[in-house]
Amino acid sequence: MSTLLLVVGLVFLLSAILFVVGLHQMRTPSSARRGNLLSAAGMAVAIAGTTVYAVVASGGHAWGWIALALGIVLGGGFGAVRARTVKMTDIPQLVSLFNAVGGGAAAAIAFTGFLNETTSGRVRLDSSIPIVLDVIIGAVSLAGSLVAMGKLQGVIPGRPLQFPGSRLVNTVVAVVFVAAGVLTIVLPHSPVLLLVVLIAALLFGILMVLPIGGADAPVVVSLLNALTGLAVAMAGFVIDNQAMIIAGALVGSAGTILTLQMAAAMNRSVRAIILGGFGTGDAAAPTAGPGAGAENVRQVTVDDVGIQLAYAQHVMIVPGYGLASAQAQHEVAELAKLLTDHGIDVKYAIHPVAGRMPGHMNVLLAEVNVPYSQLLQLDEANAAFETCDVALVIGANDVTNPAARRPGNPVSGMPILNVDHAKSIVVIKRSMSPGYAGIANELFTDPKTGMLFADAKAALTGIITAVKEYVAA
Amino acid sequence: MSTLLLVVGLVFLLSAILFVVGLHQMRTPSSARRGNLLSAAGMAVAIAGTTVYAVVASGGHAWGWIALALGIVLGGGFGAVRARTVKMTDIPQLVSLFNAVGGGAAAAIAFTGFLNETTSGRVRLDSSIPIVLDVIIGAVSLAGSLVAMGKLQGVIPGRPLQFPGSRLVNTVVAVVFVAAGVLTIVLPHSPVLLLVVLIAALLFGILMVLPIGGADAPVVVSLLNALTGLAVAMAGFVIDNQAMIIAGALVGSAGTILTLQMAAAMNRSVRAIILGGFGTGDAAAPTAGPGAGAENVRQVTVDDVGIQLAYAQHVMIVPGYGLASAQAQHEVAELAKLLTDHGIDVKYAIHPVAGRMPGHMNVLLAEVNVPYSQLLQLDEANAAFETCDVALVIGANDVTNPAARRPGNPVSGMPILNVDHAKSIVVIKRSMSPGYAGIANELFTDPKTGMLFADAKAALTGIITAVKEYVAA
Amino acid sequence: MTATLFSNLAIFVLSLLVGFEVLSKIPSTLHTPMMSGANAIHGVVVAGAIATAATVDTPLGYVLTFVAAAFASANVLGGYVVTDRMLTMFRKPRPTTSVPAGKDVES
Amino acid sequence: MTATLFSNLAIFVLSLLVGFEVLSKIPSTLHTPMMSGANAIHGVVVAGAIATAATVDTPLGYVLTFVAAAFASANVLGGYVVTDRMLTMFRKPRPTTSVPAGKDVES
């Protein structure tokens, strides 16, 4: 038996190696996919090892296995199907959901472990402590992720939801689960107390995420992701499963690092995010139609744009959320190719938080095989704008808003693309209505700027036709 | 007692954290020293933990402690004094010596452990296997490092030392220690067999390093360093000391990575070095750079260049046609300003025919308001190269080609910039392809030269980011 | 007991250290796939569900096992599939383009 | 027994992983100090010498203990000192010194 234990242990170490090598390879785009598959292989190994051990060592009751099978079929089926069918732009929500259930599972396991305790006296510390931690972290992660998902999906309003005295309520809830947790550990075996911990923790998770702005939701999801990792590691302590301890701890720390990097990319501090959301002042109601605020706006036609591009030397394309929602990535690629074929230097200026998820634009453009060499990250792009003849802004707004250079508004301090440094600017959007941050963009009223009010897809198709005429001539 | 075990274990984990954080901080010059001190703190903790446990748990005989104290005083004293007094240029030899004794200590511990075995029968596998491995690896590392030291010091001739049939002898020796090792494990307890293993392994270590050229010695030392780490980890298994297992394994893997990077930086492959040592004929190093003639080119990354610049005193920028065609004059100016702001002396070396029109470079740089005082004409520039730490060649080629000093080629007799007189050289261009004159440039294959294959604009942007990182700290 | 406890603690701490080191300097392009990939890894909680299944013998236990199993499987299966889907977007850049620059700048 | 063995193996493997990850992309300037720093770390073998000292009870044992202790201490003490010495070279040159030098050269 103890040799079986050793063998299973070695199997777990193998899975650990696969996880780490996998994560390592995921750091570079070219090997990222292989990395993910390696990590999946590690997962398979870990599951196999656990199963063998569980069957041989403990056996268990038929009903337990039936419940397990049922759960795996239903849960796994749901997960796989949603993962295949989800819209690219809805992926953050889905990841958030998967994270939520992961935390829930960890909490459920700890709870079961506590119920399985036969003693009527005090539960041994080396199982009671991880159980309580697991329930708390798992529950917070479950509830928090669901709220974050709601915000990303738009079911729950993205703006920070505060109510008078929320701080106080938070504190009370926190005190409750800490106290109940301590009692669960020191008092004789009592599932009711643990239930209190669970409920308080769930509440806390909700209250923690509600006041956070939707723009910060991705960062929060990443943070909760790390938390779930820790919860899983705790569960590993509860049932003495090393694969869970290793993988959980890996995600716990790696996820934390990732969260810090994401926050940095959006120029937010994790602390600031947790202590209170994006754009603390509430967003101005989006104004509809070109009319509003359009007095000193210079409108242009597809032909104007076509001729401008045809005779430019350096063109910078600035994609934003609008390009994604218009699904116009193919048109963009086509236009870029058309221009390049005629010796015009075309580059894309990629803002780290353009769109609705980090790397959204890269994903979108990679989909249509835009070579990496044409994608300029923030710093390169801002250097390039200095010598850029035409900056073509397609459905981007906040990431180009010069207001970010001034304090006291929702985008203050966010590093932006210096589109306003280009010799001339064309902005394609349907109206003057604001972007995610809900504020006006003075770039649109810049004398150098021509506004092309249209859906991105339609506009680009028109521009392509126009350019063809002029370059042909 | 078992709680003492737990406490000591936790202390070892603390030391592990200190080692890792220390190594992590050593990756950046600004924090490297602090990192080394952290790792030293980890060492202190590990030693303290071990001592307490050894005293409380086992006690031991007075003579043992006396021998220990004597050893520590003499060995420690020697090490500390040599470390303080050694000439900077002799440091590699000293590191090699310290590595040798480390391996020796590990072997001695394993041997003692084996002698302590009371059984007259077969020694338990989980101690005999690590003992044998420890003795082998430790001995190879001890002998090999001493030879490498001799080569570095010049006591042993640096050229590869081969003798007829050396290949055969190596194989025989290897067979001997493997066979003796296996027997030590499977046969009843026999120190004599282990002694055979030890001697054979020592011989093997000598024979392994003798045929390796002195130029490759540093890489070999780094490799043996990693080996010693593994030997120490094995010793940790033998005496069940987790601090040794952790630290040893850390050095084992980190040292391996480091070795690979060192070899790459010298544009050699570790395999080629070792096998070359084993007389399979020195394999030509793998091709590093894109394009023709890249065989013995040393490639560098923007980080390497960034760090080089950040810690230089006198930097000469050598602009050429490539700078113009990349339109990277803004980036150059920005970089120069960044460096000057941090007290680094930056000058531009202007070749009269750099670029594609007379005074092309002056025009280009005037455009971005580079003060004239920083532009050195041919003769001033050539004077300045003599004291220049880093010459940064950006898209210049023919005007730096030493071939011009020889007759019989397209650039013969053209007055050139003596870039090759600078202490170190970095060349930014996209490939190995020649310049206007269409001939190869031996400057690019100069050992002092690091090639950064990239578009000038992109490369400079990257370098600026890197420099900021290093000067910020 | 202390032996197992120490063993598990050591494994926990060292895994934390690996995690801290393995994700340094990731191009922002990869943030979302990375998050998703890490998310899939903590789907290992399904192992916990399996182990639990072998220990329960009460209706409540069965229900909890079912919940744990369903949640965990959704996490692990969905997590890996969606990550893979995202990563299919990243194809190897052609060597002809000035990728070295890109690489250097990103890393 | 298998418990301890597994525990130690797990610690060994995970530490290897940490080591592989912790040293990625080191500027070549730091290669030598890095090697020296790692070299100092395996000076932890002195812990082995200490543990051994408590176990020996024969003349040969004492001699080996002495050898192990002397070697190990040289490694650990010398290793850290020499590394520290090397790293003191990474102080930034004060501008006051560098600029005049530059002037001398050009004039």
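Here are a few things to note about the model shown:
For clarity, chains are labelled A, B, C and D in written order, and residue numbers in each chain start from 1.
We take it that a residue touches a chain if its C-beta (ideal position, glycine included) is under 8 Å from a C-beta of that chain, and two chains touch if they have at least 3 such contacts.
None of the values given here were measured: they were computed from a predicted structure.
Remark: among chain pairs A-C and A-D, A-C carries the greater number of C-beta contacts.
Subunit A and subunit C have Cα centroids lying 15 Å from one another. Centre-to-centre separation of subunit A and subunit D, using mean CA positions: 40 Å.
Mean C-alpha positions place subunit C and subunit D at a centre distance of 33 Å. The residues of subunit D that reach two or more other chains are 1, 3-6, 10-11, 13-15, 17-18, 20-22, 24-25, listed in rising order.
Counting only residues that touch two or more partner chains, subunit B has 16, 20, 24, 242, 246, 301, 303, 458, 461, 465.
Chain-to-chain contact here is organised exhaustively, every possible pair of chains being in touch.
Partner subunit D is touched in their complex by these residues of subunit A: 2-3, 5-6, 9-10, 12-13, 16-17, 20, 24, 242, 246.
Residues of subunit D that touch subunit B in their complex: 1, 4-5, 8, 11-13, 15-20, 22-58, 60-90, 92-99, 101-102, 105-106.
Taken in their complex, subunit C has these residues touching subunit D: 3-4, 6-7, 10-11, 14-15, 17-18, 21-22, 24, 107. Those residues of subunit A lying in contact with subunit B across their complex are 379-380, 383-384, 386-387.
Contact residues on subunit B toward subunit A in their complex (touch as defined above): 327, 330-331, 334, 457-458, 461, 464-465.
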